[in-house]
Amino acid sequence: MDAVFLQILNGLDKGAAYALIALGLTLVFGTLGIVNFAHGALFMLGAFCAVTFNKMLLISTKILDPTVTLFKAYKEKPYLEIWFPDVGPVLVDYSVPLSILLAIPVMLLIGFILERGLIKHFYSRPHADQILVTFGLAIVIQELIKAVFGANPIPQGAPDILAGSAAVGSWIGLGENVVYPWWRLIYLSFSGIIIFGVFAFLQFTTYGMVVRAGMRDRETVGLLGINIQKRFTIVFSLATAVAGLAGVMYTPILPPDYHMGMDFLVLSFVVVVVGGMGSLGGAVLAGFLLGIVQSFASMTEVKAILPGIDQIIIYLVAVIILLVLPRGLMGRAGVMDD
Amino acid sequence: MTNENKFNFSRRGMLKAGAAGGLLAATPSFFMRDAWAASDFRNNPGNASEIKLGFNVPQTGPYSEEGKDELRAFKLAVKHLNGEGDGGMLNTFKPSVLKGNGVLGKKVGFATGDTQTKSDAARASAKRLIEKENVLMISGGSSSGVAVAVQSLCQEQGVVFMAGLTHSNDTTGKDKRRYGFRHFFNAYMSGRALGPVLEKEYGKERKAYHLTADYTWGWTQEESMKATTEELGWQTTATVRTPVGAGDFSQYITPVLNSGADVLILNHYGKDMINSLSQAVQFGLRDKQVNGKNFEIVVPLFSRLMAQGAGDAIKGILGTTNWNWKLQDEGSQAFVKSFGAEYGAPPSMAAHTCYVQTLLYANACEMAGTFYPPEVIKSLEGFKFDGMGNGATEYRAEDHQCFKDVLVVRGNENPSSQFDLLNVVETTPRSQVEYDWKIFGGELGPYKA
Amino acid sequence: MKIGTMNDLTRFLIFAVVILAMPVWLDPLGGNYPDLLQKFAIYGIFAIGFNILFGLTGYLSFGHAAFLGVGSYAAVWSFKLFTMNAIPALMFGVLFAGALALIIGFLSLRRSGIYFSILTLAFAQMSYNLAYSVLTPITNGETGLQLAQSDPRVIDNMFVEASAGLPSTNLFGLTMSGYPGFYFCAALLILGFFISMRIFRSPFGLMLKGIKSNQNRMMYTGLNTRPYMLTAFVISGMYAGLAGSLLAITDPLAGAERMQWTASGEVVLMTILGGVGTLVGPMIGAGLIKYFENIFSAFNDTVLAEMFSYLPDALVELVVPVVGLFVGSGWHLTLGLLFVVVVIFLPGGIVEGVDKLVKFIRNREKNVGGKVTPQDQPGE
Amino acid sequence: MNDLVLHLDNIQKNFGGLSALSDVNLQVEEGTTHAIIGPNGAGKSTLLNVCIGRLKPDAGHVTFYGEELTGRKPHEIAQMGVARVFQTPEIFPEMSLLENVMLPAFSKRDGAFSMNAHKLLSRQGDIRDEAEHILEDVGLQEQMMTEAGSLSRGDKRRLELGMCLILKPRLLLLDEPTAGMSRHDTNSTIDLLKKIKSRGMTKVIIEHDMHVVFSLADKVSVLARGQIIAGGTPEEVREDPKVKEAYLGGAH
């Protein structure tokens, strides 16, 4: 029972990550019709917003280690902690959640620049061209990050009080071994809020309505005299920001490196397509479904029966769903199915 | 001799084909490159005044930082061989016949390649080094898959391979080759070296849970750790294989909580290890008490770059390493000094092994008095040396594995600088990590490729 | 001569000559060594085959690497079990890849568009993950399947006594590494190109183009599209298997990463870069990417310093680090930029882009008066 | 009844709760041109879709020369000799006109699937001649080598007609063949269709333009709200008060 409950939590947590990345991807994919292979790179850029923010807070004076004479070895003492002994350490401690403040404007701006400067010229181009240009873009972004930050993962800690685990088991009457990291619980809630926010935006604002209409039938919306172009810029920026925020919040779970986007890219495409093209709800549902399925497939008991099942379960489930349901879980006809 | 047989066979075929196809006949000189007589050999420098060595390291992909450090070490080694700089370990390496005037009077040059940490790419890049750059020796790399793949290529091509970072038992075990040499230690030695320290620190009554990267290196590591710990009297609760590059390991970590195990052994390397370790710590494993004992995590293979990536999570964790820059012996000091002066940072263990391998190869050529690989190989086989940072070392002739002391290290709780991440807990003497070469099987193959 | 209207025979002959003469014209470009030449030819075959599916039917498979991998494994097993001769290895590679393509194609072709792409991707990723881990007894996992001294090699052992070292792959005695290996691959590439050209020019090719253009019309014209697509899928899978077996023939090792999605993505990029649906485009794309991977990655600071040694020292110190960003470990960056630049300035890939550019310049010369021909007006 | 080409027997088709066709009976005789008229939304296109297998009826049968069509796949129905010209032309826009017409010719000659990858298009002289001939028929031979996508709407329609004609169908279904055409184009299309009629091809034609209907049709059926409300010769239908009310009079 305890083990199953924990796997459900794991599944939800994974699902939250998949859903959040897929959400931005399906916005761009379903609304703008752009096959965006750079979406993973945008996720990674978000993570590096957190790294940059942390590095900025940690601009330090260097105290040389006198015992090492062969090269400069030093201990760092951040100016922030020297100048503001009270607030400084707290700021540093909370650098990951605080970096959201940096990530939102930066990611919106990056989204805006990319859409205006590059993506908008590709709306009417074949998917092949879109794949090539966004893949190229992803490589360029990756390599730039690698040139600045190196290839090694850069650990980002959660705030101290959230670094450990919550005794979830004692809350709900399960064993004391049922613990779960605070930060993962926060990630789960955060993801819920963002998903809800995006849905609310699409449901209740006029922008959102136009976008939803645009997902159905771009030409008609264009004919209505609505400036669809401007809306598209906003959608792309929004998707970029969602990817970025997903990246920021993921850093304490996975130390970010320049390549992390590519690792998620294929998976997020699978999630989006299993969810069904043009369906936000489908992408979210598929994200959680695949997350949970993957968690359970990794259990020793399951692997004992089907060795290696955890290696392929996501793809296996994807194949089954797509063969049974022609347009994924909730896909609509006419979006990218020809 | 059976060798002769083979050559005749292909040469006869070549003549036939040459006569048959006009197109092929037009380029006979190309074919002749592949075959050589005893006095001639692949990439024989002849009267050239310079020789080239090939440094095949990961320049892109997850291990590119390690590759960068390896490349730094190679360049330094070349410099020292050519008598430039302060000479580094050339001054401490004994017995050495290196004079700092190149090798056999020829200046040492080098060419580089990118393995991408993929067997295919590594072989392609090694082939370029051999076919286009005409290198005499290939070195570098940071994964066993790549090392084994390149090693077997080098055997086919008749070029000596001095492995870089490769820790799997297979490299000098079932996949060993006459032309391949490994200075780095292996999974078996890690297990043997950790044993006594684990016993001292954690006692004899322990239950271990293994998470293992699901590929050959992971398996050999798991096997070696299991053998060692079970010998101590530990129980093995479970061994779970995890997909390489899983990223999020939560679904493998939560079962540990309920398993009743009190030690988690992470048979992971690189990014897998960084992720699984920091996530395990987040799940509060290190704060846990199980069976009245503190829960412990062990990472059999450590590197500084991994320690950097794992951040605070590494503190207090036990593991092994091939070499550490804080070692106080003369050789290590000399190397750290020249490396630090050149690049402003201490060398990693990957850099160390690559540097040493380059010097060892050069020295073997000097000893053999020729670049002819069979002779070079013979002078490396059974070669005993010292002053290279690991104490008295021997290249065992039977499997081309170096035997030397192994370092058991612990993640530094209170680092005094950004490089001060690991503390040496114990130097396990060589005699404890030695084993019979026959246990891993494999065959070296012939001297003449 | 205008490329667009070139006679097919001329086109084929030019292609054959250019391929066979690669050792000559690649020499000044630093690409004349057997391994790279072999890779050009092999990945050319892979891309040309992929183009038969993607270029003609418009179905984008994201899992073609699976067939490449299976081709390699089958070939290495043929070396291990039967003989070091290249021909059986080749046949096994093509056959097994074709069989796998038949299964994957049969299932995946029930869907179209992005759903098809993800199905193929999923199948290939499953193959890769299994090959890397659980199927290690067959694939030798991460290390890759290799020859061993103890292999049975039944057919070879009947005729020749085993030598002390590992035997090398051969074509009836002709060693398949080095330049002979290249010419063998090149011959198959030329054959593959010829077949692809015949398919493009055949009624069958016309049907495939029809599928890409308008599936409704195909149906209501009485054509059953599924067997056409499946045939195209299997043919292109067999090309991939051929390429895979050639990888093993020129270098007898089969690694699992050959099946990874990045490898599938690579052939997609090669095809798009060169020009989807054009005859030689995929070959050009394959060549460019392999050239970047092998040559650009090999430049290091020392090489660069030598290259720029004619500049004053101060300038060298300035130029080398800047150029160094784009070569050596930075070769990915150059590749990414190349993709972006090509797709912006040469829409439709290199071949089509150049064609359009030529046409554009011609038209501008023709229409100095400012008259615009009907084709120049936007079609939509 | 061998001369009965198409027989719709109590066809029923619902979309959700809406009934698009209810109890539709229709008989088309060999060699005739049968027009189906009716106001917008009467279910005319649905009727054609049922005939070609694009939609499956909820009840009822469609037979073609006595053979059951319901449940068959579209390509099978097409192979049996039913061809259709769509309201928005379904052509191959990226191909030349010649290829557009040659492709159906292969379908006619080689069937639903044929592994004809070893043949060369340029050696298919007979098919090419035939295609050129058809293009001449529809008046597009001059533009044989242009891309079909660049044609005017009227020419695309004509091309599609050519693509259907080369199939030598036993039944040709035309969905508003002159919609959106100029008077001049309409007239030339009528001439073309008359020419085909003179060859004895059976046709079902949906049309709004009464001028077209009365110049071509032998029989007219009137469809309104999913039901056939009248049928007969054009003259009979013209005089039918129900039709006047439902369509001619009521609509305007």
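Just so it is clear, A, B, C and D label the chains in written order, and each chain counts residues from 1 on its own.
Keep this in mind: a contact is a pair of C-beta atoms (placed from the backbone, for glycine too) under 8 Å apart; a residue touches a chain by one contact, two chains touch by 3 or more.
Just so we're clear, the structure is a prediction, and the values are computed from it rather than from any experiment.
When every chain is reduced to the mean of its C-alpha atoms, the one closest to the centre of the whole protein set is C.
Ranking all chains by how far their C-alpha centres lie from the centre of chain A, first place goes to D. Highest inter-chain contact count (C-beta pairs) belongs to B-C. Centre to centre, using the average C-alpha position, chain B and chain D are separated by 74 Å.
In terms of their C-alpha centroids, the spacing between chain A and chain D amounts to 52 Å.
Separation between the centroids of chain C and chain D, computed from CA atoms only, is 45 Å.
Averaged Cα coordinates give chain A a centre that lies 36 Å from the centre of chain B. Counting partner chains per residue, chain C shows two or more touched chains at residues 129, 132-133, 332. Shown for chain B are the residues in touch with two or more other chains, namely 64, 214, 241, 243. By the contact rule set out at the top, the touching chain pairs are A-B, A-C, B-C, C-D. Put simply, chain A touches chain C in their complex at residues 35, 118, 121, 124-129, 131-133, 135-140, 142-144, 147, 266, 269-270, 273-274, 277, 307-308, 311-312, 315-316, 318-319, 322-323, 326-328, 336-338. If you check the complex, the residues on chain A that touch chain B are 2-3, 6-7, 9-11, 13-14, 17, 65, 67-68, 70-76, 146, 150-155, 157-158, 163-165, 175, 177-181, 183-184, 252-255, 257, 259-260, 263-264, 294-295, 298-300, 303, 308, 310-311.
Interface of chain B with chain C (complex): residues 2-3, 5-6, 9-10, 12-14, 16-17, 23-24, 27, 30-31, 33-34, 59-60, 64, 67-68, 71, 110-114, 118-121, 123-125, 127-128, 131-132, 143-145, 148-149, 152-153, 155-156, 170, 175, 214-217, 241, 243-244, 443, 445-446, 448-449. Residues 198-199, 201-207, 209-210, 212-214, 216-225, 227-228, 231, 235, 374-375, 379 of chain C are the ones that touch chain D when the two sit in their complex. Across the interface of their complex, chain A is touched by residues 61-65, 214, 238, 240-243, 245, 247-248, 250-252, 254-255, 257-258, 271, 274-275, 278-279, 282-284, 287, 305, 308-313, 336-337, 340-341, 343-346, 415-420 of chain B.
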